[in-house]
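For reference, the structure is listed below as structure tokens.
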Amino acid sequence: MKNFFISRLLQAIPTLFVIATLTFFMTRFAPGGPFDSDKAIPEEIKIKLQSHFGLNLPLFDQYLLYMKNLLAGDLGPSFKYVGWDVSELIQLAFPVSLSLGVSALLIALLIGLPAGMLAALRKNTWWDYLPMGIAMVGICLPSFVLGPILIMVFATKLKLLPALGWYSWTDLILPSLTLGLFYAAYVARLTRAGMLETLKQDYVRTARAKGASPGRVLVKHAMRGGLLPVVTYLGPAFAGLVSGSFIIESIFFIPGLGKFFVTAAFNRDYTVVLGTVLFYATLIIILNLLVDFLQAWLDPKAREQR
Amino acid sequence: MAGSESEGAAMSTKAGASLTRDAWIRLRSNRMALVSLILLALVVAFSFIGPLFCEYQYDEQNLDEQFLGPSKQHWFGTDSLGRDLFARTSYGGRISLAVGLLATSVSLLIGVTYGMVAGYVGGKTDAFLMRMVDILYSLPFTIFVILLMVLFGRNFLLLFLAIGAVEWLTMARITRAQTLNLKRAEFIESARALGFSHARILFHHILPNLLGPIIVYATLTVPAVMLLEAALSFLGLGVQAPMASWGSLIKEGAEKMDIAPWLILFPGLFFCLSLFCLNFIGDGLRDALDPKSSKD
Amino acid sequence: MHFIRKKSFHFACGLLTFGFLASCTAPSNVEKALDEQILHFGLGAEPQHLDPHLATSVAAHNILSALLEGLVGEDPKTLKPVPGAAESWKISEDKKTYTFYLRKNAKWHNGDPVTAQDFVYSYRRILTPSLGAQYASMLHVLKNAKSYHSGEKTWKEANVGVQAIDERTLELVLENQTPYFLELLNHYSWFPVHPPTIEKFGASEKMGTPWTKPGNFVGNGPFSLREHRINSVIEVRANPHYWDANLTQLSGIRFYPIETADTEERAFRTGFLHVTQSVSSDRIEYLQNKHPEWIHFEPYLGTYYYRFNVKAPPFDDLRVRKALSLSVNRKLLVEKVLKGGQLPAYCFTPPDTGGFTASDGFGYDPDQAKKLLNAYLKDHGLTKLPPIELNYNTSEGHKKVAEALQAMWKKALGIEIQLLNMEWKVFLSTISKGDYSLARAGWIGDYVDANTFLHLWRSGDGNNLTGWSNKEYDQALTQAERALNPKDRFTHFQKCEELLASEMPILPLYFYVHVSLRHPSVQGWYPTLLDHHPYKYVYLKGEVAK
């Protein structure tokens, strides 16, 4: 186990290095810079701005400087939000995306797991068709359709929930619901498939034959098997939730990291782009690690493959 | 075990005919998949043949006929510039389906080749190639697609190349796993013994047996691609005006839901229906082609 | 199994019910504001700078006008200069020297008195070359300011025309007579900064310091900075040290940088905002019918136009430029596409800008347009024009206009326009490089005088970017800048406009109208050409419908 962790961590370092380099040069080769604006700036002033941020150095020198700072943990200042550091901005925005992601995930699990299990246990009945049908609809409905619909119904017409913002805890409900329902659908389908797979296994039949009660069989054996594909899905799902949340953040006006990233890309705010990409990559690596760990714990066979 | 050897033999191309027939029988008996297939065919027909029945062009503006509801003249109604929604929805379908298909093809091409080579060659090359895949898995991909589209412009070609490049990793993994399995099968060994070149083995023996999982995965990738394109349209990074895709039409319609619901209803319906059908067909194919999968 | 299913179901139910109940009873922002007197303002974008010497955006202006005050203030209805930090001023005979007398009780937020030396310090700061201030050129009207700003001379050598005669007397000397000088002073580039704060953070000659953050920012305006959460909210609170604090009725303002018009509208309709920054053009008709008490149309000092690249074919030929301009049905555009009551533009300067209204330079004449185009085609031995690329920056509004024009030109002239939607940065870069044929543009006036519009087309102006240059135009413009008599100035302005019409380097389309949603409980808010609303006159009163 320990070797496993160490080898994965070692693997992470060159990965992050490659990602940083790739992103750095990609953003620099794109047309447009952070100081292009619609009221023309006299050349001398533009040069001043660029030199303040070190943008007038040869590209490779800038790269080396950035990498050097990176190793020291310094992500640099933002070009667009002048006076703010990238790490400050990430510190502000990430907890927002995180709470959104976690709430959405909780909703996904709270709705998806029981629905999937129910469908598997009551296979080929209405308890199966209906939830799975709804799940299928959930997968096919983009969040920027569901979101405005929910807002229109619950906020504008019924005036029960806030339409936007991130100021009090009620602001959490609609966005997490919009984001979570999509993943709930996936979780339901995966749980169902996993459970059906497991329920057919020999060892489950053996347990039954030995006289174990259906409840015990369910909890001890079937659920583990049912949870396995969900856990495998969780890693990328959570990363997707947190990094892909920009649509929700845009519709609901939430100051999360996804929105920061997209705005930074549009503004050519190089340091924010780089900082966010690296941050997400690190997050995904850690999540994948955790997921692999969970997987190994749930499925003894997987352990051997490592 | 005796079981796997006989399966291996059954999977050789000689017995392929009976396998496909079995698969087809299984698929046919899956009602949902069949219905989905028919519906999808209808949607495709609508997108490509539909415009022939419509007297309006998708970009034909008529500023006197803005925001009209469905009527005899405009079957699906009109949008903010008086353009006929039926024409735009069918045109959008062409674009969305094309993007879906093309991007998936790109990801298939890259993923299958990559996985086959990794699995077949094995050893250090395999280890290295799969390590690269692991590294790439850590990339926040949506982020990168956005970055690519923002930085390098809204080129239609770039759009599906970028999306396709996002999806190939899983295909590579699946292909590699399958190739590893097949490599050890008897019929491959006999082909080697007969002196067939590597290339011939790869393309004539291994590839046909990968078709099953490839097709299944492809069918399930297309909806994912279409959703990604819709998300990009939401950010304004999708197709350029006056071109439309279902994604861009839905986005425009979502903003006017309370004043002109038909603007989101029709493109949304077709979009969701296509995704729906593709998912069911994919499920059905997976059940039909993989004899070990759980029977519903 | 039943147990698990029931439990999670009940949990979910309970959570939702609790949520509903909790929010059912919560009053909206607008309802609470009647007691709290807090204005909830849709800002439209996150300001890049809160430093008045570095700011460039409308969003920044909206906040800075709450936090700071210049020598003069603005009348809330006419925007005419009224006493601000200065209680009175004297203008010399030759109109080149202005002497301002600062009021006794003008104070910074920490109680320090506002002195003339503070203004000298501030003007020196914005003109300091290493600061990189984009609007420093606004101060070039001061004598010798340009030589200091360009780095030619040091501050001592340059002897810039700003001097503190004593603690409360400030003397400004201009390079030339500038009739609109007092109007200029309303721009944030002329706002003062608190020298001890700037020095504390080392910001006198460079940007990027944290002096603008809450807790550090010291201003002299009616409000002080309380909170700044990026992309979320900026809050300011009434400051008791402000000299006119008795007049200010609002206790605070919360600015929300909501970027999309649709989200703003949702916020407005749920009682979250009092005022929005914009309204989506598609929803104007609906809102006008259903809620006429909310929607407001106010003339805004700006022109929406397209630029021609006059250096490259086909727009190097006047006939093609004229053909395109004459075949646009501007009336149809504003009535059917924009629907905000915008005015079609047949000249460049918006009507009644500081009293000046240009006569129409041209009209809608598709037949003449066709004739001109055919003449061009004949001369070049072509049957039709090759496709023309039209660049615009990503926005639903620009897209709609572009699509409408594309259709108009196809119908009237049979030419093919290819729409090229570019992301903002790419767009700017492309235009500034001259890498375009036809491109969308817009210009908002910085102050209420025709000069702010017409100076764009001076030869070689940084904002020209069309490649057009005309000596006669430059001359007329300079004469307008120097003339003292408004009538003379207007004559010169008219000459400029006539040249623009006859040479057509640009294609004016319409004059902006600022469309916004505003709650009836907002009082003391008047329509102004620059969309400036001095907050110290604003208060909240009235009924809020549930």
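So that you can tell them apart, the chains are marked A, B and C in the order they are listed, and the count of residues begins at 1 in each.
We adopt the following convention: a contact is a pair of C-beta atoms (placed from the backbone, for glycine too) under 8 Å apart; a residue touches a chain by one contact, two chains touch by 3 or more.
Keep in mind that what you see is a predicted model, and the values were worked out from it rather than measured.
K.L.:
Name whichever of B-C and A-B has more C-beta pairs touching across its two chains.
P.N.:
A-B is joined by more C-beta pairs in contact.
K.L.:
Can you tell me which chain is nearest the middle of the complex, judged by mean CA position?
P.N.:
Of all chains shown, the one whose C-alpha centroid lies nearest the global centroid is A.
K.L.:
Taking each chain's centre as the mean position of its Cα atoms, how many Å separate subunit A from subunit C?
P.N.:
That pair's centroid distance is 38 Å.
K.L.:
Provide the C-alpha centroid distance between subunit A and subunit B, rounded to the nearest whole angstrom.
P.N.:
Comparing mean C-alpha positions, subunit B is 23 Å from subunit A.
K.L.:
So, what's the distance in Å between the C-alpha centres of subunit C and subunit B?
P.N.:
Between these chains, centre-to-centre, one finds 46 Å.
K.L.:
Taking each residue of subunit C in turn, which ones touch at least two of the other chains?
P.N.:
423, 426
K.L.:
Mark out which residues of subunit A touch at least two other chains, giving numbers and ranges.
P.N.:
Each of 30-31, 250, 266 in subunit A touches at least two other chains.
K.L.:
For subunit B, what residues touch not just one other chain but two or more?
P.N.:
Residue numbers touching two or more other chains: 150, 153, 255, 258.
K.L.:
Can you tell me which positions in subunit B touch subunit A when the two form their complex?
P.N.:
Subunit B residues touching subunit A: 131, 134-135, 137-140, 142-144, 146-148, 150-153, 223, 227, 230-231, 234-235, 247, 250-251, 254-255, 257-258, 264, 268, 271-272, 275-276, 279-280, 294, 296.
K.L.:
In the complex, go through subunit A and note every residue touching subunit C.
P.N.:
Counting only subunit A, the residues touching subunit C are 30-34, 36-42, 44-45, 48-49, 52-53, 77, 80-84, 89, 92-93, 110-111, 113-114, 117-118, 121, 151, 155-156, 159-168, 170, 173, 214-215, 218, 250-253, 255, 259-260, 263, 266-268.
K.L.:
Please give the residue numbers of subunit B that touch subunit C in the complex, ascending.
P.N.:
So the residues of subunit B in touch with subunit C come to 59-61, 63-64, 66-67, 80-81, 150, 153-154, 236-237, 240-242, 252, 255-256, 258-259.
K.L.:
Going by the contact rule at the top, pick out the subunit C residues touching subunit B in the complex.
P.N.:
Listed in rising order, the residues are 262, 280, 282-283, 285-286, 332, 336-337, 394, 396, 399-400, 402-404, 406-407, 419-423, 426.
K.L.:
Residue numbers of subunit A touching subunit B in their complex, please.
P.N.:
It is residues 11-12, 14-15, 18-19, 23, 26-27, 29-31, 123-124, 136-137, 139-142, 144-145, 148-149, 152, 193, 196-197, 200, 239-240, 243-244, 246-247, 250, 261-262, 265-266, 273, 276-277, 280-281, 284-285, 288 of subunit A that touch subunit B.
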